[in-house]
Every structure is written in C-alpha cells, then in structure tokens.
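Chain IDs A, B, C, D, E and F follow the sequence of writing; residue 1 opens each chain.
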C-alpha cells in the first residue's frame, strides 16, 4: 500500500431507537460503535488506504466489540490502549419527518477521557505516516486529552506528518471561548483544516463583512482567507453546507479552499437512512483526495459524493468502496444492474 | 396541578401489520391501544394536565394492558368500569406510498358498548373537572351508549363542567341521518365543538352557499356562524383541513372559530409514520390552549403543531411534551443538538 | 372461470437484506420466491384468472416452499417437474435513497436450467389455454431452455394458444447479439410482445430516426411499426417508461400499441417499498385487459395502475385484487375508510 | 389419490405472545390459524391424503388468510362458506417452565357459529368421501352448529361415509350435562370415536369400578367396552394419556381399542415448542392408519409418533410427512445426516 | 387499601443480549429497568399492596422510562428525586446451559449515588407506612448513600415503621469488612432481615460449629439464633437456598425464622427464562405474607412459590398476581384451562 | 506471539431457520459463515494463537463478508485466493426436542472446489508455521482439492510443519471406499489424527475384536494401536464420544491417545444452543493443548470443555477465551459474579 493515515479520538457505543420509536416507547436498542476519527479511519480503510486508529478502551466485552469492529474493517488497532472505567455511551432517539432526533449523552468518565500522551508510544504510532487526523472533540473531553492533543500535534509536525484537524465544536462539552483558546494553540501546526463560517465567526471571532459578498461560497472564501492570513501553514480548508428540508430530507454541498481558490461540489438533495457520520464520511473523502493527489475539484466532488452516500448507510461509518462513490458521482442513483 | 379534564369513550386494541406487509402476508401484528377520547386524555397528561379517562374494559389481561398503558401515561383510571365480554379490536393494514391503509373492524359486542350511565359514579367522576370531552363515536356504538352520552352531557352542564364534543362521524357505524338526529340532542349543551364543513353540510344539513366565499376559511366560517346561530351556547368551533399527497405525505392546517372570528394555523406538509390519532392530537392541543387560556391564534398553532408532530409517533397517542411542540412550532425540524 | 393462462419460467429464491443494511452488515436475510413468469401467473390468479405455472424445482424443502407459495396463491402446479440439483438463488442488497440496490446472482446449475421440452407433457399443459406467457430470460439460461422455448412456442401456436413474450433482456446472462438471434426465431409465432425502444434498437438492430419525432410516445410507435412490418403476426406491443428520481422515488407510464395506434396511461410518481416484480405486475395487468377484452386505453391504465401499486408490496408478486387496482386508478391514494 | 377425508369445524386466529413475554408485557403477537378439525385436515394432507375442510369464514382479509393457509397445505376449500361477522380469535400467553399458558377466548359471534346445514351443499361435499371428521366443539358453539352436526352425521351415514368424532369437551363453552345429552344423539352414527376415561366418566356418566384394574390401559379398556356395549356401531376408540412434568416437558402414550382389544404405543417423554394441536396431530395420525389399513399397533404408534413430533412444530398443524414420522419412530431424535 | 410499603434503592437500566448471543456478537440489546428494592415494590403492587419507591433519577428520557414503568405497575413515584448525571447501567450477557451469564457494570457516578437524606422529605414519605424496605447495595454505592441509609432507618424506627433489610452483599462494590462494619450500625434498628449463612459467617464473622448440625436448615437456624442474640430486635430472618444444575435449571427452597423456630418451603426444581430479580420476588413474597399476617409456613411457601414463578418472567420484576402464585403452589404447572 | 497455525478448507454460508420454524414456514434465515477448518482457526485465534486460514472465495459481497468475519476474529487472511463462481451454501433447519435438524446442501460448483495447489504460494503460507490443519472434507469436494491436499501435506512435511488431519467423513460427498483410498495416501505424513472407531472400522477397514474389550475407551485404544502400527508417524489420535438424549440434550466425552496410552476427559451432559462446530471446537481445544505443551490429560479436558461450551454459542465458531474454558472446567456453570 501507499500513504498511511492515523486518526485519534474517542469511539463510543451508540444505542439507537428502532423502528421509529421514541426512547420512552423502546424496549430494545440498536448498538453501533462510532466516533468522528474512528469513522474517518474506517471509511479510508474501505477506500483501500492503510489506516490506524488510536484510542483508549475499557478491558471488557464492550471494548472487545470495538476492537472486533475496527479489525473487521481492516483498521490497525495496535496502538490502542486498554484501561479505564467505561466506554463512552450515547442514546439516540432517531427522529423522522418533522420530529428531530435527540441525544442523551452518557460519555463522562470514559476510558478515553483519561488517556494521556505518556500512555502512547507516539514515535512508533506515527512512523511512516502521511496524515494524522484529529478533532476538536478530544480536547473538550478532559485536561489530559487537551494536553495529549497539543503534544501529538507537535510531535507529528516534528516527524513530518501532515496534521488534519476538524473543529467539530460541541456546545454540550464546552464554550466557544474555551474552544477558541484551545484551537488557537493547535492551528499553527495544522495542514488540513475542517471548519466553516460559524467556526470562523464564533470560535475564532473573525470579522468578515458578509454583506459584501454575493454568495455563500464567497463569504466562506473570505473567512478562509482571514484564517489563512493568521495561519499561513494551513494548506487546505474544507467544509460542507447542509440544508435541512426535514429530518430525513437534506441537501449537501461541499467546499475546498487552497491558496486563495475555492471549489464547490455539485449540490445533492437526498433522503436519509442514518445521518450520524455524514460529516466524517465527507472528511474521509476529502482526505482520500489529498492522499491520492486528486485535483481540488475532484476531491470536493468525491468527498461530497461519499458523504451523500453515507446518509443511506446504517451505522456511523461509510462502508463503501471508491468504485461505489465514483459510480454514484458519475451515474447517480436508481439502477439495478442485471 | 390546575384544571382537570375527563374524557369518556371506547379504547380498542389495534393490531397493525408490520414492515409494510399486507394482512395476507402477515404472521405477526403490532399491538397498540387507542381510541379518540383516550388519546386526548393521554396527550393532555403528557402536556402536564391532570387527566382522567372513563371507559369499560373486560376483566382479562387485555383489559389490564389498557390500564397499565393509561397509568404509565399518568391518566387517572379510577372511574373505569370492569366487565363485559370483550375488548373492541381492529386490524390495520398499514398502507404506504400509493397503497391505502385498510381496516377490519371487530368491535361489536365490546365491553364498552354495554356501558350504562348507571354503572358510573358520575358525580364523583366530574367533581372539580374543568372539561368533559366526548365524541360522536360513542353514541354510534349502542343504545346504552347513546343514552349514557346524553345523560352525562346534561349532568356535566348541571355541574358547571365545560362540554367538549367531537363529531367524529363514522360511516361504518351509522348513517348521517341517525348521527344528525342524535347530535342535535347534544349540541344545546356543548361548549367546545370539533366539526368541519362536511359535518355541517351532511349531518346538520345546513345550507351554505359556498360559491359566495373565496376561501376554504371563509366557507368554514360561514358554516360555523350558521351552527352558532342555532346553538349560541357553543364557544369554540375547531377543525382541520387535510390534503393527501400520498399515504405517507400529507398537509395539514388548523382552524378555530369563536364569537364570529376564525383563526387558522400555519399549513404544514409532512411525512407520516403513524397517522392514527392525528386528529385526537389536534383536539388535545386545542383543549390545552383553552385550558391554559392561550389566545385563539396561539391555540390553533399549538393544536396544529401538536397534530403534525403526532404523525411521526408510533401508536395512537401523542407522546410529546409542551416544550417539544413549542420547539417544533418555533424551530421546525431537522436539528440534532450536540 | 373463463380463459386460462399458462406461464413458464424460472422461479428463484430471493434473499434480501433487511432494514436498510448492506450485505456486509447483514446477519439475516428475508426470503422470497419469484421470477417474472411466476409473478405474472400469481398476479393474474389474484385477479381471478385461472393460472398455471410450469417450471422445474429441486426435490427438497426449498422446492416445497415454492410449491406452497404458488398453491397459496391458487396457481395450478400440476405441470411442475421435480428434479435437478438446486434452486436458483440471488442476493438482493436493497438500496435506499441515493444508494442503488445490488444483486449477487447465484442461479447457475439450477434445476430449471436443466428442464427439457421432453420432460413436460405440453399437450396436457396447454389444453384449453388462452395465453401462454414466456420471457427472454428462459432461453438465456441454457441450451435446453432455449430449445424448450422454441418448441413450446410452436406447439402453442399449433394448438391455437396465444403466445405472449416478454423480451426481458439480461446483460448478465448473454449478449444482445445472442438474444437477437434467438428472439428472431420466436417472433414469427408471437401474438403479444413486451418490448421497448432499447429492445428494438439494440436487440433487433432496427433503425428509427428518433430525431424525426416529438415525443417518446411517437418514437416508440415508430419502433413498433417497424417490428410489426417484419412480424405482422404480433397483435399487441406493450411497454413502460420509467423515470428514476431516486432509488425509492420513480415515475411510470405505460404504453400499448396495436394495429398502428398507440395508447399511453396516466403517468404516476410514487414511492417504492419493493421494486422487484414491478414490470411483471404491469405485464399481468396488460394480459388481464386482453383476457377480459377491455379496450386498449383501459388496458394500459389498468396495467400501469397495477404496476404502480405493486411497488408498495413486499415480495415479487402483486398480491392485489382487481377491485384494489380499479379503486386506486379511480380514487388515488391516501384514504382510510372508516 | 385414494380415500378422501372431509373435516368440518371452526378455525380461529390464534394471537400468541412472543419470546416468553406475558400478555401484559407484549406489544406484538404471533398470528396463527387453527382449529381441531382444520388441523386434522392439514396434517392428513401433508401425509398425502386428499383432504377437504368445511367451515364458514368472514369475507375479509382474515378470512382470506385462512383460505391461503389451507390452500398452501393443499386442503380443498371448495365447500367453505363465506359470510358472517367475524373470525373467532383467541389470545395465547405462552407459558414456560412452571408458568402455565393462559388463554383469552374471543370467539363468540364468529362467522362459523352462524353456519347452518342449509348453507352447505352436503351431498356434493361428501361425495366419494371415506371419512367425515367432526368434534364436540362445534355443537358447543351455537344451536345452529348443534343442529348442523347432527344433520351432517346422519347424512354421512346415509351416504356410506365413516363418521369420526372427537369428544374434545370444552368446559368454557358448556357443561358436561349439555355435552352428554348432545353427544348421545350423535354416538349411534359414529364409527371412530376419540374419547378418554374422563369423557366416559363425566360426560357419558358410566360406572366403571376402576379399582378392579391394574393399569391405566385396563381401566380405559373397561370404559371402551362399556361404551361399545351401548353403541356397538363404534369401530374404534382412540385416546392418549399425557403426563405433565412442566409446561415444556411432557410424556405421551397413545391407545387404540377395537373389538375388545386395546393397543398402546411406546411412551415418549419430550420437550415442547408448541403444544397447541398436539391432540389433533394424534387424531390425524390415527385416521391415517385407518385410511391406509395399517394394523392397530402400527396405527397407534404412528399416531403417537406424529403427535410427539407435532409438539416441536410452531403453529397448530403438524407440518410433517409420513416419512418424517416413520423415521422418528424408527430412529428417534438427534441425528444430522451429512 | 391496607398496609403500605416504601422501598428505597437504585434502579438501573439493564441492557441484555438477545437470542443467546454473546455481547461480542450483539448488535442490539433488550432494555429493562430494575433494582432490588424497585423489584420488591413492583411485585408487592402487583399483589395489591400500596407501594411506593424512592430513588433519584436523571432528568432525561431514561429517567422518564423508569417513571413510566413504575407508574404502569401502580407504584407511587411521588417521592422520587430528579437530578444528577446519569442512570446506572449494566450489560447482561445472558448465559445458557453450561455458559454463565456475565455482567459489565457501568453504574458509577449515577444519579442515585448522589442522593442525600436532605433531598428527601422523609416525614412525608414514611407517613402511615407499615414497612420500609432497604438493601445492603445502597450503602455500598457512596458515602452519601451510606449516610442516607442510616438516617432513614433511624427515622423509620422513630416513626414506628417496620424496617426490612436485605444484606444483598456485592463483592464488586465493597469488601466484607466494609459491609460488616456498616451493617452493624443498621442491625439494631432492623425488624425483618434477609440474610443467609454466608452473610453470618463472612460479614458478621459469627462462629457456628456447622459440623454439629445435620441439615442445612439446622445450620441456618443456628446462625439466626446467634444473630438474634446480638440483635434481639429482629423479628424475622428470611433466606433461600439455591442449587444450580445448569444456568437455566436450578432448585430453590425458602426459609423463615422467627422466635427460635425455622420453617422451610417445598423445594422446587425449575427451568429459567430470566433469573434476575428471583431473590427480590422472594423478598416481596415474604413481605406480602408478613403484611397479610399469614402464618410463617404459609409465608415461606408463598415467597418461594413467587420466586420460582418469577424465574419464568422476562424483566426484573415479578409481574404476577396473588392468585397466580397461589394457583401455582396448589396445582403446579402445565395445565391450559379451556 | 508463539507457535503459529494454518488451516485450509472451505468456508460456507449457513442459512439457518429462526425461532424453531421449519424451512417451509420460514420467510427469513439467519446467516452465518463457517467450515471445519475455519472454525478451528477462529477458535485458536480467540485462544490467543496466531492463526491463518487458506481458502478460495468469490469476489463479491458474500466473499467480503467472510473476509470481514475472519478479520474481526484476528485470523490472517493474506493467503486467501479470490475467484471462482460462488460461495458454497447450506440451509439448516434447526431441530428441537425430538425433531432432528435437517440440511439442504448447495455447495457444488463453489469457488473453493476449484482451488488448486498452484494458485497458492504455499512456501510463504507455511513459513514459520507450527501446525497445518486439514480435513477429509476438502478432498471429497473435487479432484483439484484432492490433489491440493496431498501436495500441501507433503510440502508441510518437507518444511517441518506438523500435519493435523481430521477424517470428517461426509457420506453425502463420497463413499467410504473413496475416502479410504484417499486418506491412506495422506496418513503417512500425518502427525495429529482426528478419527474415531467408525473411521477405523469403515474407512480404514481395520479388524478389531471389539468383544474383547470392556469399555469404549479400550476399544478405541485398540483401533488407535492398529492404525499406529501401520502409520507409526502419527503422534496423537484424538476423538469424542457423543450421546444424544434429544436434539438439544447431549453428552460428550473426549479421548486422546499417544504412544500407547489413552486419556479421557470428564463426561458432560449439557443442553444445546447451536451444535454446528462442536467438533471443530474440540479439535481447536486439542490443538491448543498441543501447541501449549499441556500434558495429555489436561489437553483432553481442555478440548472437551471447549467443545461443550461451544454448544451454547450461536454460529459455527467457538468465540471464547482460554480463561472462559478454564473457568468452566474448574467451576462448572451457573454463577453470576456480582
């Protein structure tokens, strides 16, 4: 194989309601395992990229479930640390039509939140790696995770590994101020940055006169330019614009910015089977384009196509091949070949 | 708590097909319990209103299922009579897309159809009650039920309880002539009347020159005026207008009329998980507005929003809170907060 | 009963994924039995037509499943041959939204593919029969099946039975050249021909200057005229035009041509529960019209309505009555009668 | 085929709890169709005997379900009458271990209970029939059913058809006195009588000094002798003895008596999947032996083996072949042949 | 109603594997809610005793699930405190045959573990109450729970409420030394004590020369005498003896001791559907006997019968009536009454 | 890790009936993947042994399912060949109580049956391997498989790899004569031989005067001695003795013979969840003992314990750890540790 990717983050047990029931009507739950960075690793592995995932898991059957799931998807689990008290968990009441999904988080005190830089053998984990992918969820979980994120980013930089960082701001975990302060420590080392207008405005507190621009694309470009002026090290800015027609009917368009130019994908409208992990599928698609040296237009089309198709797949991860994404981009949906 | 509501009616076992199968393909059925007046009581209880439901149930495990379901929803069951031969039942073949739902009724000889006024302790049941809610299904079931309805309406009036009556005409149970004759005995005692244009035209045999009016809303208002002239005691007229695009894709708009003025809600188009009980959710929403002294515009918006959201909920009753309805009215659908 | 129909072909076990899972996520499969010609026989039997199905099945429990399924639908199974090694099978990954369905065929070496003309008692099977219905899948399966098809067509002709033939070209089984060569042997005996523009262009290699015509309907008519010139024995040409908006959202319009005139049905847009067998439901509807001597316009409306409603029914066959189709054509969808 | 059998009786919808739940914990039910006489017809049809079932069914989808089920099992349905209000129904809470099964009957007012002799074309239905099989449940259901039973028994006798009658006393439907009075009218016409000691003692009020006999078998023989003295027309007396170790662990032994001799089968102890229809499977097995002219010892072994194996089969009817019963009798259980 | 009971403790979400799968094979879990003291309250409520349960629940849908479950069982929830971070959870891999069940506890940091005496209105909660039932699990959970237990026991004593205490030692939560030290503070106030030989030996560190006694019953009596000498306030000692033949095949015998006399129940051997809550069903049965002033022999028979029947019921609580227990004790298992 | 194992064989899709249904009652199937040699590799991998599996799989989603399943169990898949037409399949009607399981094989023309020695890189696959495990099923499948077996056995021998061979005679695939002729070519190279008395008697046609010996164990020893005289290269003979009380109630005892001595395990009686793979679990346990240099008594105890516990696990492979097996051998079944 060629270039390798390593992602680091928390992977949780998702317990979802079944068959359109509310939680208060449920006497069973569907169990899936997922987390942004794990989803990216799994998707890239299904694209044929050599992927590795770093996390910390409890030494019990649930931890073993996670390991089996990662291995089935050919994600390298050699750098996973075992220990801690529990697997982070969340309950998803799956919405439908006009009824929103709702989430009960039960992720505090998780094994991952106790992970430290020192527990890892980072040198070994990052050896010969092309990209290290992280997200803004990890530093929001605990002080040790915040510290770990900074240290591994610096180490990656030192070892010549590209750093990919997804803002992924979660208002239930911390404030925009805390996030902003933290992310600003990381950004000088970042090469690939997943962030959007809201991130620029509320987390980085940038002032862009949005009225000056005609289109969403132009406004987004303006923000990216601003950030790039402060952090000229960032090579790619990437994000999506989602429109919500109903809980299971959305539109999506992708954007990639590099060296002053912005490219957008085709805009898709589509129905949804499982929305969780749609953004991670996009990130994996974009990183695939970068790893494969695709041009920026093709990269954003691939990323958006991958994300759209993910919305039809149950579970957190985008279990599709490169061929399936390319076929969808080229031919659209609805054929049975026989 | 504040003002109390009592509803009286039949609650049936609904046996629905599963997973888009036809009845002739089914070897299992989903079991739910519901009936218009029970649905109203349960919805109001989930809105925080003290609710009580009066019915008659057989003394067997199915009767116990109904009691447990009502209690779980905090509906007072103290005035329920036990006895009779069987629980009314119906089989619902759930339609999809262009295929209509179809129903096999098996409700004859039910325990409820044998309920008499004398079996109830009406004084006790209506003590300190603000609204008594009934529907036109009950008198259609048997002579004793017809008699019971008239007597309890009169007693409620006598005790200063507001009488709410939903026409709910069922052509499989009786003719428009029978219904009209019966309802006219009740209407002089009714305060809140759920009825629409078809009810005015075919059951009350009113003549309104529909051509004279520009809009559905104006025609409806004309009918309500007519009825109000005959029955000036009626304080509120309430109804919805449903448009059916397909079995699982409808539009809905609500209307409330009082003292010569009509108010309509926003019109929603939405996809459907379970249509049964959509009208009852609307009635419960309207009664909630009346109980809480909301203004008429807010009342009809609340009622319509409640009804729309019900269509996404499995089972007959609208298992949502006031906050969830208000949030939907304000923000629409499609967000996951995390 | 009146006029009888016999259909001959392969019936397979379909193992479908459940609940929107991919095959690689599945640990159980839904089992259905179906095949174009069997689907036609079953649909016609549900329309009240006396139907018989000829095939060859292995002598094991799976073969018995097929027999029980046909008998439950009142399809005559007296002419079915038992023997051979296995039941043809296919795995269907049911798509959703933008994700296509995909199929793994595992039908080689099936019992049916070994069926010979000599194993059948064709005289007995075709006695008093009005229509014999076949498709282009059968000759694609094996040499013996190709031979059998030709012989039975000729025998039917000889016995005064109308021959109905559905091109049903399958690119996974043979080439357009092979199909064309084979079909041309059959066409001189065919009375009712299910084929479309692509069949005319690529299989029969006809040259129609499509630019000359304004509409799809006109182009189709031109092709039919061409074919009819070569094979003046063909009394009816029948086909549909499908537009695919997404995997579960299609439009359909039907066409019938006879003696220089073409009739098209209303065009429906509809959501899909199970697309398999949609074309067979159309064929059954068209044959019903022909058997019942309906006029051509009514025939194509009935066929298209039947096909549209099939898309809401799980399994391969259109388990609906004539009344249900007529009610849909007349009233559309969305009512519950109560 | 050879000798034909006709059975007449009620077939009901059985709604059973799933997965060891109590009814009060259930939100879905398994749906099966069954009734003693239908079960006998289906079992015999699976043994290769030409079988016909007479009943009355409502004209709705549930009635159609019954028809499809009978046809799938190749039971002739030509003499079934359509009409009446409802399909008899019962709810079965399936017990386990020390917890008994319990039943809620909801069979009153069924279509079958309104069936009259005059609605049937008995001459046609009994033409060329070898055995007519009935049970004591039918006359317990209504006056018209009681009358029908007597008339069809007499007609059968007149037409030379053997009459098989299973006492099947149901204490929830009538008293032993009513049953006794009724059965005594039938017994002079009966050829094959399914009844046991309790039937002799409590229904026929016979006095047998049980103390005089050493074994169950001898006591049973004494009762049969007594009955045979009164009704010398009865050719065979047949019954089983069941011992209940727990709800899912029983023993069973079969007995057949003819012309003063009694034969018993091997006694089996076995675990239970579905006990409903165990007695009907025994009856079908015994009738099979009689139809096939097996000797009495082989007949009772076949009947008992068939009944034991039925207890492992879901649903009411014994869906096994003659070969499977014979193989079990010969080789017992537990082998996988591969 | 008559005498009331209040129980206090933690109620957890139990996520169990389905259909004999291991956790590592599971992609869904059955959800039940239970905890020793809640199970006792629910069982007693199903016996017709007025029951109330005190706990602390998070303010989310899972907390609401617990409330709905308690209400459905008519358990008073008025004294439940809302707040804290999470609902205690555990995963149960349900064993079978020779494979043990195994449990992953995830109960730390639960809402209940933060409950304090001060958050409760104990005066109100214990008003007119006959028995307060607690267990040794509560003090093992946190310091505040340990403190709460002591305070509420003393308050109950002061208010004349009988104190029932179940040792329920859990080695995963604390050591025998910690438990012993704590329990000794409670025992001077206890009236009804659920404890066995192991509790006497290892927790209370009593020395009984077991060799001196012939039977289990005599040894148990000796321990009870010893404890009673130290704590003469204890009126009843109660426990069971379980023998495990396999995971789903156990035997059980109950014992009750009072004023120097010991009574044992019949010993049952039975198969198991759900073992969780078997001990709580026994405790509820014993408390029922005490509340109803049954004699000691009848009490222990009732308690043991109740516990045995619980093992056939899914979920934690014994959803059976007094009649069902009495019927089982009298008639055993295996009859269907029809 | 330490010593490595490689196994080679066919892995099939098993489609099993669900919930005690017969195939003719089934409309869905449980899907598992398994085959003797794969089961051995997976079990050993779960014991912590480095395992690799060699086979040939079709290049479709079903092939991918197999790969994912093996990877999830950490079995090395690097030597698996992709190609051929289909995955071997079989349908298992799961028996219960007295009803036997039955199997429909549909494995002909499988990808594996076309595998040749030349398609493999045997040198690489066997490098540093301690044991190569094969079975007598492989040569029964095709000529190429027969040839491949012989060649790889010889190559293994040449490379110093221990050869383990399980007779696993399948009467549906070939005759005892064919098997005997083939196995005799392999036996001179075998080190570990899984075979029993029937194999010695019917396949190797040995004459042992069984009457001379007192016990099963002595007879078995006599056969092993005979074989060992002919093939002195064989170091271990291993087998089990199974007694079948009913389909889900068996007893099992294991035997190992080496250098003239025979050791037997404890005999277990146990209930069964899934019998498929019980023998493979035994083989894996025995190979584990050999790999870990356990003594022969401990080896046979471990193997038998492993096999017994497998019967409680769904699917073909023994998904348990060494600790779980050891704990079962030491403590038996029935405890929940909490």
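The working rule: a contact is a pair of C-beta atoms (placed from the backbone, for glycine too) under 8 Å apart; a residue touches a chain by one contact, two chains touch by 3 or more.
Chain labels with UniProt names: A, B, C, D, E, F = 2-dehydro-3-deoxygluconokinase.
Treat the numbers as computed from the prediction; the structure is a model and nothing was measured.
J.: Give the chains in contact with both chain A and chain D, ordered by label.
T.: Shared contacts of chain A and chain D: B, C, E, F.
J.: Compare the CA centroid of chain A with every other chain's and tell me the farthest one.
T.: D
J.: Please identify the chain with the largest separation between its CA centroid and the CA centroid of chain C.
T.: Farthest chain from chain C, going by C-alpha centroids: E.
J.: More than half of D-E's contact pairs recur, by residue number, in one of B-C, B-E or A-F. Which one?
T.: Of the listed pairs B-C, B-E or A-F, the one copying the D-E interface is B-C.
J.: State, to the nearest whole Å, the distance from the C-alpha centre of chain A to the C-alpha centre of chain B.
T.: Roughly 46 Å, centre to centre.
J.: On a C-alpha centroid basis, what's the spacing between chain C and chain D, in Å?
T.: About 43 Å, centre to centre.
J.: Please output the residue numbers of chain A that touch at least 2 other chains, ranges allowed.
T.: 22, 24, 27, 68, 102
J.: Chain adjacency by touch: line, ring, star, complete or other shape?
T.: Topology of the interface graph: other, matching no listed pattern.
J.: Which pairs of chains touch each other in this structure?
T.: Listed in label order, the chain pairs in contact are A-B, A-C, A-E, A-F, B-C, B-D, B-E, C-D, C-F, D-E, D-F, E-F.
J.: Tell me, which parts of chain A touch chain C in their complex?
T.: So the residues of chain A in touch with chain C come to 268, 270-274, 308-309, 311-315, 319, 328, 332-338.
J.: Across the complex, what residues on chain B touch chain D?
T.: Against chain D, chain B makes touches at 15, 18, 22-24, 26-32, 60-62, 64-65, 68, 85-87, 89, 91, 93, 102, 104, 106, 108-109.
J.: In the complex, go through chain E and note every residue touching chain B.
T.: Contact set of chain E toward chain B: 68-69, 71-74.
J.: Could you list, by residue number, the parts of chain C that touch chain A in their complex?
T.: Interface residues on chain C, with respect to chain A: 19-22, 24-25, 95-103, 105, 170-172, 244-250, 275.
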